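In the two assemblies presented below, chain A is common to both, partnered first by chain B and then by chain C.
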Partner chain A sequence: MSKINFAVRRTFQLVLTLWAIATLLFAMFRLMPGDPTTYIIAETMEPEVQEALIARYGLDQPMHIQYWEFLVGIVTLDLGISFHSSREVRGIIAIYLPNTIVLMITALVVAYVFGVILGTIAAWNRGEGSEKSAVFLALLQQSTPSFWTGLIVLWIFGAYLDVIPMSGMTSRDFRPESFFHMITSLDFLWHLMAPALVLAFYMMGYPLLLMRNNMLEVLSEDFIDVCRAKGLKERTVMYKHAARNALLPVVTAGAIAIGYSVGGAILIETVFSWPGIGREMVRAVLRRDYPVAQGTFVMLAAAVVIMNFVADLLYSWLDPRVTYD
Partner chain B sequence: MPRDTSPVDRRAFLKKATAAGGAAALAANAGCIGDDEDTDLDDEDDAGDPLPSFEYFNNPEDYNPARHDLINIIAQNIQEVGLDVEVEVLEWATLLSAVVDEYDFGMSTWSQFPGVDPALNITSRYTSDHADEPGTGNYHGYQDERMDELIDIQNETLDFDERVDAIHEIQDMVAEEIPMHPILMEMELMPHRNDQLDGWVDHIEGYHRLTNYVNIEVLDDNPDNQLRGYWTEALENMNVWDHAGLSKHQHLQSALQERVMWMDPDLEHDEELSFAHTIERPDDETIVLECHDGTWSDGEEKNAEDVAFTYQVLIDQTPSQNSTTASFVESSELIDDDTVEIGLNEPLGLSAEALILYPMYVAPQHVWEGVDPVEDELVEDPVTGGMMTVDYWDVGQEIQLVARDDFRLDFEIEGIFWQIIPETATIWENFERGDINYITFAQPSRELYEADQEMDEMSIAEVEGSGWTHMNINMREPPLDEQAVRQAIAHSIPKDTLSEEVYYDYYPAAHSYINPSYGDLHNPDVKQYDQSLESAQETLQDAGFVITDDGAHYPAE
Partner chain C sequence: MSQQDQSANIFSNLEEYGDADDVDERQRQIRLWKESLGEQWELLTDDRMVIFGMITIAVFGVVAIIAPLLAPYGPTERDTMAMLRWEDPYWMGGAGDHILGTTAEGYDILSQVIYGTRPALIVGLTAAVFCAGVGTSVALVAGYYGGRVDDFLMRIVDIAYGLPLLPTVILMVAMLGPSFVNVIIAVVLVMWRAPARVIRSQVLSLRERPFVQAAQITGASDWRIITRHIAPNVLPLTFLYGAFAIAWGILTEAGVSFIGLGDPSQVSWGTMLQGAHTNNALTHGTWWWFIPPGICITLVVISGFLIGRGYEEVTNPALRNER
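So, the complex of A and B:
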């Protein structure tokens, strides 16, 4: 099968998957106990006023009409209006998603760069103290709740040492003129450092262990012996030949992690008062704000599915041996 | 139960108690009232069917930890009385919906704040017609002709004494028949940095109103001359029409917008703060307002015409966010440059101020003329008529208000700054550093109590609020349809213990449906219950129910 055929087939699967997820989301929110109008309708409102408000949000429509409008909304990127704030859902996403992306991508880059390097070193030094330390570190990173690490970091470096800000993305007196102005400022970087590093600490364990395991497999293959026999430097063998060949699953995992990152890191966003999309997603669910909850979940699902697709395509580019038969 | 009357002494006692000791005391108190040896059991031969079990809805622990504990303790006591209660923990929206929208519950407990006047709460909660129509407020299922008469009287009379009598009788009826039962009175608490702020004015609605904003004194350690607070979630909208129900918006709208009427701490019309400096009632279907004038934040003139416009929009608009007010207003007419006449569609007495005037912020006509306040609801850059205007707003992160030089009143604070901080520990750390100088939405908690004990720079302004933590009872559900059962439940609530052990003594026990903060409207002589399991069981037995080893029964046929 050609790459084009593969891409077409996967695109079709992608659309089908998104439709299934959207349908599931639509059904799930409506099967949840509790009435979404509880938060928008006051008991003191006259019945006709209550009905008018319910109609305004389309909640008086039969379920199949609501479903159809929901699907059309996804296709046209019109995700509706928040019950709670009267903002357009895409406007809400536009406010919070960039903040999340900056935080998550920073953390991912740090986590995968250091995770890959440490994993490589750990595998190369198998059986030595550095490998044991790296494995211990990875297990520690994976098993320590990120919010707990965040609180400890805040407590020590924020409250006691006063070297990191306690909350937010910018200082009170800093008034950025644009998002770009904000993310390129030193003030923002100062605020970004702690949540990004805490998140990176948590995320690093997976690529570290993955890289180590892949490296161990690759190191047992014949071509590594050939490289050594050719008299290549150890560093060249390790990074240019072994690590490069062990990288493929890590790239896949990284691509999928990027997909998940648009969902934000709810606990980290909460601990560091980071105005990200994860926090809003949870609040939308708790408030029965269907449009926002559905919109953000669909966005998250789309990002994961698309990044999976991208990872599939990357395979052939990274490893010419991969075919699409 | 004997009780130390000094809050300071009681809190000092609590400080001495260890956490483990506190928990042990709590458990002991929960079970000590009415030990088995005090129970006078009936002959099993007299027992008919056991009383059916009923549900007591509880919120999740992380939603409101203190209330979660309170409900569990009360349920444990009810169980010891011999009634079969099952605590069911429901996610908050589900719980609220089951009670308010579906009337499908046994008992529930939450907080409620009737506001500057209880008229609306009384009407919504106890009007008989509302019991048959889920979603209209009478989730108790309480129906009584005399109550309906009293509701009409307190809504319509212009005679203060007659209104007081009606509301006192309502409190007597609620205390006797128990469709709801107040447990703890919710104090309005304002923890603040005493090196930065002073001059708080006690008000039934708390400290987040114009009454306080214009009176707060700025101290030397507050170089920005600001109120600096927080909220745990984002502000959504700065629409002058859309402030109902959300405390975070009400707090800021109080500073941003001009209100038709403010009430002073004595719950009387505040002529200086209100945009309507004079209020006259030629008859019970007419209100005449004489208004101040001034400018809006965009420089346009602000006058009575804006008030007339605001009420006219209410009349024309469907649906309305202020539908309660809208349902009473029939006409709005500008009489002259300063005067507006509002016509009502039914007689309204003294409650008119609370129903028609107090809820309304004045909308700028030049902004809203031809604009639908509902369809075009989102406002991010509001034109304001109040003491402040929006200087900077990053929706997800912070908002900064600054004082307007051309507002008609003098005041000291130069701005209000709020940051969104969801994490409690961070809030208190910022407070300790002085970055935040007031706790915007304080409730009894370990953090508050510990700061109260340990931080010299913190003081707490406290005043009796309008609300209570209370128990809602669904009188449709057996055995809660029996008055004796409801009274037995009321007897079994260890209010003083809950106040001391769970709420750190910040909220005292409540007995009447109308809090003492309402002055003359409060009835201090309502029936009080004994906080005793023994009394609870006696109440059941006196009513003919039979209590045996395995609980309460209907009498044998």
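So, the complex of A and C:
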């Protein structure tokens, strides 16, 4: 099968998956106990006001029309209006998503750079103490609940030593002119440091173990022996020949991790009161603001599906040995 | 001997429960299972880390069972004196006999930690059994039958791969109501995908092996080939994903409880941490409230990962340490 064919088939699968998740979501929200209208109207309202509100949120339409409009809404990025604040869900996502992305990308870069380096060293020193401690570190990073690490960091560095802020993204009296101005300010970096590092600590275990396992496989291949027989320096063999080959699955895993970590930052955002998309989804869920909960969830799922798609294409593009069947 | 008699003879011991050979057949099966499980067990217990993981989970299991004997107070038993002010641990000068002090609501922290073992293990183990069970069953069916069945099931797996774990669990728990059962359902809904995909590819290759083809030629039923010839070979992978699912189940339950969507009727480590967070235990520096539950979560979760990694080395000899 050709490359084009693979891309087309994979695109079809992408659309199918998105549709299935959207349908699942629609069904879940309609099947659950309790009527969503009860959360937007009060008993004391005039009947005309009640009807107007129901009509405004489209809840008076028959099911199949609601379903169709829901799908059209997702495609056109029109995700409805918040029950709580009467703002457009699209606008709410546009406010909170960039904050999550900055946090997530910082954490991912730190996690993958250090994870890959430690994983390479671990595989190279196979069977030695340094390998065992690296593997143990990776397992510890994956096992420690990220929100608990966050609590400990806040307790020691925030409450006790008072060197990091206890919550938020900027200081209260800081008024940035634009998003760009904000994220390049020192105040923002000061707030970003703790949550980003805690998130990076949690994420690092996966690339570390993956890199180690890949390296172990690559190191057992013949071309490594050839490199050594040629008399290349150990460092050259390790970084130029072995690590580069072992890096490939880590790159695609990184692409997939971008997708999952948009939603995975929820707990960190909650602990550090970081105004991100995950925390906003939790708040919407807790106050039964269904359009926002639904819209943010669609966004988080779409991030996962699209990054999985990107990873697949990336893999076939980066590795010429991949066949399409 | 007529042709028919002969064929009856040849196939008689291939019947599921032939009456004459029944006992022998079962004994043989039990012996085979024992042998292969014993082999895996030895490979597994070769690793000191795996032993550590198993002992830790066993200890927490015992604590969960005899929690009422160990805990000095009930999990929801309030010290009315301590409700007025948080009691410090008695060895730090707090009043009463609270080894780890009390929460802001006047509950004994040590007792809550001990009782918290129960929901953690129940959620972890149940999620593990169902994730591994559902995943393996789907993988066996998809991989063995192939074709459209395989296509259909693998498209469902693709869809499951589109679900982000924590947001999905949060949404489902919010809609179905906060309870451990719903957390388990949500975790299984998301996490069965990994064993399904990985074990299926294993089954695809097993299906083409001579021993399976030999079984097919002798007329063994599909059910028999799947359960007797293929399933035992993918068992280490099933255990691997089961062990990982324990870890994911417990982490997820703790996270969901921390957000405030935990089972309100029970005390779990996650709800303890939520209580500590919302009551500003951090700024008050009452570390005896929020340190112990976190250590417990980490210990149980790392045990799951360690056992899973042990199985990883059983299934992938390339990773085994040279000794």
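To be clear about the criterion, the second predicted complex is superposed on the first by the 320 of 325 C-alpha atoms of A that agree within 3 Å, B and C clash if a C-alpha of one lies under 4 Å from a C-alpha of the other, contacts with A are read in each partner's own complex, and residues count from 1 in each chain.
Throughout what follows, contacts are C-beta pairs under 8 Å (C-beta built on N, C-alpha and C of every residue); 3 or more make two chains touch, one makes a residue touch a chain.
Remember, predicted model here, so these are calculated numbers, not experimental data.
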Chain B versus chain C as contact partner of A:Glu217, first or second or both or neither: second
Chain B versus chain C as contact partner of A:Val271, first or second or both or neither: both
Which of chain B and chain C A:Leu140 touches, first, second, both or neither: second
Partner chain(s) touched by A:Gly263 [first = chain B, second = chain C, both, neither]: second
First, second, both or neither for A:Ala20, with chain B first and chain C second: second
Touched partner set for A:Val226, first chain B, second chain C, both or neither: neither
Which superposed partner A:Val72 touches (first chain B, second chain C, both, neither): neither
Which superposed partner A:Ala159 touches (first chain B, second chain C, both, neither): both
Contacts of A:Met28 with chain B and chain C, given as first, second, both or neither: second
Set intersection of chain A contacts, chain C complex versus chain B complex: 32-33, 151, 154-155, 158-159, 166, 270-271, 286
Residues on chain A engaged by chain B in the complex (per definition of touch): 32-35, 37-39, 41-50, 52-53, 56, 82, 84-87, 95-96, 99, 151, 154-155, 158-159, 166-170, 172, 175, 270-273, 275-276, 279-280, 283, 286-288
Chain B residues within the chain A interface of the complex: 90-94, 96-98, 100-102, 120, 124, 133, 135-137, 233-234, 236-237, 239, 242, 244-245, 318-320, 323-324, 326-327, 374, 377-378, 392, 394-398, 417, 419-423, 425-426, 429-430, 433, 435
Residues of chain C defined as touching chain A within the complex: 49, 155, 158-159, 161-168, 170-172, 174-177, 247, 251, 254-255, 258-261, 273, 276-277, 282-283, 285, 287, 290-291, 293-294, 297-298, 301-302, 305-306, 309, 318-319, 321-322
For the chain A and chain C complex, residues of the former touching the latter: 13, 16-18, 20-21, 28-29, 32-33, 126-127, 136, 139-140, 142-145, 147-148, 151-152, 154-155, 158-160, 166, 213, 216-217, 220, 259-260, 262-264, 266-267, 270-271, 278, 281-282, 285-286, 293, 296-297, 300-301, 303-305, 308
